[in-house]
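Structure provided below as structure tokens; questions to follow.
Order of writing sets the labels: A, B, C and D. Residues in every chain begin at 1.
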Amino acid sequence: MRVGIINVTGYAGSELVRILFRHPEVEIVSVTGRSAAGKQLPEVLPHLWQIDLPITRTIEEPVDVVFSALPSGASAEALAPLVDKGIKAIDIAADFRLRDPAVFHRAYNIEHPAPHLLGTAIYGLPEIHREAIKATKLVANPGCFPEAALLALAPAVRAGLVADDIIIDAKSGISGAGRGGQSTNIMDQYSEANENVVAYGLNGHGHQPEIAQEIADLREASSAKVTFIPHRVPMTRGILATCYAPLIDESMGKQAVWDMYQDFYRDEPFVRVTPEPPQTKHTLGSNFCLVYPTVDLQAGRLIVVSCLDNLVKGAAGQAVQNMNLMCGLPEEMALESLALYP
Amino acid sequence: MRVGIINVTGYAGSELVRILFRHPEVEIVSVTGRSAAGKQLPEVLPHLWQIDLPITRTIEEPVDVVFSALPSGASAEALAPLVDKGIKAIDIAADFRLRDPAVFHRAYNIEHPAPHLLGTAIYGLPEIHREAIKATKLVANPGCFPEAALLALAPAVRAGLVADDIIIDAKSGISGAGRGGQSTNIMDQYSEANENVVAYGLNGHGHQPEIAQEIADLREASSAKVTFIPHRVPMTRGILATCYAPLIDESMGKQAVWDMYQDFYRDEPFVRVTPEPPQTKHTLGSNFCLVYPTVDLQAGRLIVVSCLDNLVKGAAGQAVQNMNLMCGLPEEMALESLALYP
Amino acid sequence: MRVGIINVTGYAGSELVRILFRHPEVEIVSVTGRSAAGKQLPEVLPHLWQIDLPITRTIEEPVDVVFSALPSGASAEALAPLVDKGIKAIDIAADFRLRDPAVFHRAYNIEHPAPHLLGTAIYGLPEIHREAIKATKLVANPGCFPEAALLALAPAVRAGLVADDIIIDAKSGISGAGRGGQSTNIMDQYSEANENVVAYGLNGHGHQPEIAQEIADLREASSAKVTFIPHRVPMTRGILATCYAPLIDESMGKQAVWDMYQDFYRDEPFVRVTPEPPQTKHTLGSNFCLVYPTVDLQAGRLIVVSCLDNLVKGAAGQAVQNMNLMCGLPEEMALESLALYP
Amino acid sequence: MRVGIINVTGYAGSELVRILFRHPEVEIVSVTGRSAAGKQLPEVLPHLWQIDLPITRTIEEPVDVVFSALPSGASAEALAPLVDKGIKAIDIAADFRLRDPAVFHRAYNIEHPAPHLLGTAIYGLPEIHREAIKATKLVANPGCFPEAALLALAPAVRAGLVADDIIIDAKSGISGAGRGGQSTNIMDQYSEANENVVAYGLNGHGHQPEIAQEIADLREASSAKVTFIPHRVPMTRGILATCYAPLIDESMGKQAVWDMYQDFYRDEPFVRVTPEPPQTKHTLGSNFCLVYPTVDLQAGRLIVVSCLDNLVKGAAGQAVQNMNLMCGLPEEMALESLALYP
């Protein structure tokens, strides 16, 4: 299978190369960049010296599958002509995640550049939409925060365990902000990010409507009350989401909730319900999401902690999992690595 | 003023030395340790080489004020005879924070060693109990998490802005776990703590009843519904608390809430209501607590983010502030340092 | 191939599991521990939940190959009976690295527990001793610092480029100190190790005689003048060695040196001579050693910077590379992963 | 005393504010910036909210003393007119450190903008040039690396203990690279700098001729053979320099060297000869330099390890110490703070 990667030079793009390099059915034939176009890949990313491909402005080779790791807006624009040609596409940007272009506009403050494709895109969370992913040619890879939050909440929300009043307090490593260049936020600089925790997105974050859309679907409702507050923590990779929701049946115990989650995810290759609260470091470099549900008995509240590597299960790994599904390959192919610990 | 420090070798104890070394009215005359007794202070803590005091088993000099940084249980036991003699005491441990010995027993799983003193101890949060602190001889220094959470919530709770349904999602640096020796948690080791975030205390944390007691007081109620979930984040110092509570008047706007907080803390020397979400690093090494209140308008929810240095405003600095109040000194003496940034 | 791992619970041991789990020719059949004996592996190391083996006191299954990750002294003791039975053994400890038991005694302050095996052990640096490794049944896996230093220096020393006056200034992540338990050095605690650099081993470090022995061999001399100073830097993994030696021919230029190194390592699967100074992060989780030779023209000095992941090429990955050689398997099997970056 | 700070928004500039805010004899009356001109200081640096000064393009108030924290070249240009007016000036940039404008040109690749002042500037290392600093109106504050290296080497070099063949292997936190904006090096980004060590300046670093100039002076020679290799380590603050030089008398023992150093620095307020190898964290936020000399007996080599906080003793603190000397104030004023540990 011939694969192209649009905007390979960001963190999600280079992580795709790392993973696909080991994929027995894939050959990376074309990689693109913007400011780095004209260079060889290892000049920009020396850890990828074995993959000595030229970085071009656009996909210049015939491909069977294309990934885009461009920023939102630019991504749909670059993908649309390829999708229209029938090439299988996985968009790691946000462009095809929100079904409603008006919601997209509010969230990202740009007009949607390819609204005609919104109807065909499938939200690429296999644990919820596996069969639809297998059947589509355009997958919207979930955002890293929604990935963690939805895997934490799906079992409880679908089972109707909790009221429509969810809080997601998420903690992310700094790589979630992307690989800056001239546009780098001062907060991404080592000296400012180190030994520092800060909440952000307090006036709204693009991942909130994405989470709300999927939670509403799981509830079979038209909307969902979801507060989502992300935080930056001083580490490179990893997201931990702590989710809170009122239990409808306040007498429900910890074990009952845990068992229900275990049943829900029993056959999933990449979600593990853990016996103890999980650690982000237990997912480093791997495609696993760890989920730990419990109950605050005094407050009658469900609490679910989930974690994953934001660049793997939260981006490039999830994208490869989706590609495997779309192409009829074993879902776990190239994604079997265990976490790097410590 | 002659001052003694019980258990100087932990992080709170050595931070007391750092701060008091610059206090113009204080002479540190006696410091104690357990395993380090018999050594000189700089042998154990080389950064304190100017303070070449012997570490003894017990306070061996007459003192006017004594601080205890012992673990809970041991602290009350060591302080009780000194308090009984009339020496002013500030307990950095948890022993005098909970008024009800039964609650103490449930939280810390030990019998209270000096219940006769519970009635005289004042909870050492000057922003709430300043006058009582001035008048007492025994102060229970707040826990680091309660300090951050209560300063975040006090204005809203006292004004009756929010319903009795509070969630506190707190993020703490690793020094909050104390200076281990043989008893060190494997999780405190650098290689395990680095690049890692984990939730803990999911089956109950000793700071929850402390927060609930003070929130209930502020509400003039007998109890309070408070969910408190702490997280470890890979940094040495700093706590950031993100607090969530339903607004009773859902139409209340961000500015109105901010103004109300600003009024509440206008004259406080060590609490600042910030115009932007605060960063833990903006408090490093300083005695300041930064508070940022806002509103999730869609969900009708108050959100308050607060942060502080867990070893200063969350421990030793708060203790010195309490000492200043108890001794009729200017409240800010020795605590004026700005944060170390970056 | 049936494989056993002695002392699986340390960092080198658990890293062996991570790597061997992906090895197509290996089945891990027995893992041992000391304090953790009786537990299942994932209870101690949750990131290895797929490998649900019991931790036993000794190797309890027939094995073809055994790795030992015990501390020095204990390792030879545990391995000796297995080696005597003819089982192929790779010792990750220091026990078989020094040919002279008197030097071993001075370096580690213990009597060698199995001096009869010293003659058969091969120093497991394939770039120097590949053919001997293929032929032996007992490999002494190099120390992490010697691995980095020797790969940096071998081309120049063997070619007689430099005088007998070498300085190795090495910087190591904290995981190099091992996974502590009760015996943990306070310096390994996160709060003490973070934001801290310190030199150690200034009165002698066990890796110095190991480096000197191999350098002397490369020089075909009986001894070598080598100063080795390791430093702890606040990261989990990674070693960077900066090596200094006087050039015999002071007119030798940078390019000539670089070309000579490139020739030396041209066919090596796991050593790369880099065009720019290398970064430890470019080796994270991979089995590669990056080497960058240059010249201080004013001082007539060769400077070589090398780096690797101390737990992979510096320990478990090197051990698997040695196993592959000893067993006639492709040298790179299970070791092809690219570095995790960022 | 009225003080102005040119380019307050970098790390050295903001650190000056932090220190001078506590100085009893100083009032900061004017601060300048470039891109931040027009804003209030706390808008750019929120941790300095108590110092609500406008950031102007140039010093707009009469001042007695001026500090410049501009980049090299720009600094001399901005300072020259003020120095010409007789205002006392301390240049934190490199512009007045090298006496020979030709050397300056080679090191910084710019023409010196104010060569007429080179003769009057004193190199601001009080431990070597105290009396000259007291008498001058223009001080060239040392670079952070030279500060650490020269304090490590001065006693041995001046006493003629070592041969003319010095290696300085230095390790610096990331803040040493300055506070980037659009010009930020990708290597300063958290995700690239974290868990990473890299050597740089291998083709020459501007601090090498500065060190060589001062070492030559100490030797009373016209030149000095000095190899200087800096490394970036993942921490915010701190420099540790490990210095190597051949002992002329190879029989000199560790204690004799240590005693000699102790004599040399006995009366220095900010240099401490430590009994054990020092840690950068023992200097965090303080103006102390810790020095530990020892001997590699086998190699006949002096090894000196020194460390300091690159933004305090390596920049702003050293500048205030120089100001105190120039103005006849107690040398330690405003610099008494102990290190923040942990």
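Basically, a residue touches a chain if its C-beta (ideal position, glycine included) is under 8 Å from a C-beta of that chain, and two chains touch if they have at least 3 such contacts.
Because the structure is predicted, anything quoted here is derived from the model rather than measured.
Participant: If you average the CA coordinates per chain, which chain's centre is most distant from that of chain A?
Facilitator: It is D whose centre lies farthest from that of chain A.
Participant: State the pair with the higher C-beta contact count; candidates are A-B and B-C.
Facilitator: A-B
Participant: What is the distance, in whole Å, between the centres of chain B and chain C, each centre taken as the mean of its C-alpha atoms?
Facilitator: 45
Participant: Using mean CA coordinates as chain centres, what's the gap between chain A and chain B in Å?
Facilitator: Computed from C-alpha means, the inter-chain centre distance equals 38 Å.
Participant: Considering chain D alone, which of its residues make contact with at least two other chains?
Facilitator: Answer for chain D, listing residues that touch two or more other chains: 11, 173, 175, 179, 191, 194-195, 234-237, 278-279, 281, 284, 342.
Participant: Can you list the chain D residues touching chain C in their complex?
Facilitator: By the definition above, chain D touches chain C via 165, 167, 169, 171, 173, 191-192, 194-200, 202-203, 225-227, 229, 231, 233-238, 240, 242, 244, 277-281, 284, 292, 294, 296, 298-299, 301, 303, 305, 307, 342.
Participant: In the complex formed with chain B, which residues of chain D make contact?
Facilitator: 11, 14, 18, 21-22, 45-50, 175, 179, 194-195, 236-237, 272, 274, 276, 278-279, 281-285, 336-342
Participant: Along chain C, where are the residues that touch chain B in the complex?
Facilitator: Residues of chain C touching chain B: 11, 173-175, 179-182, 184, 186, 188-191, 193-195, 234-236.
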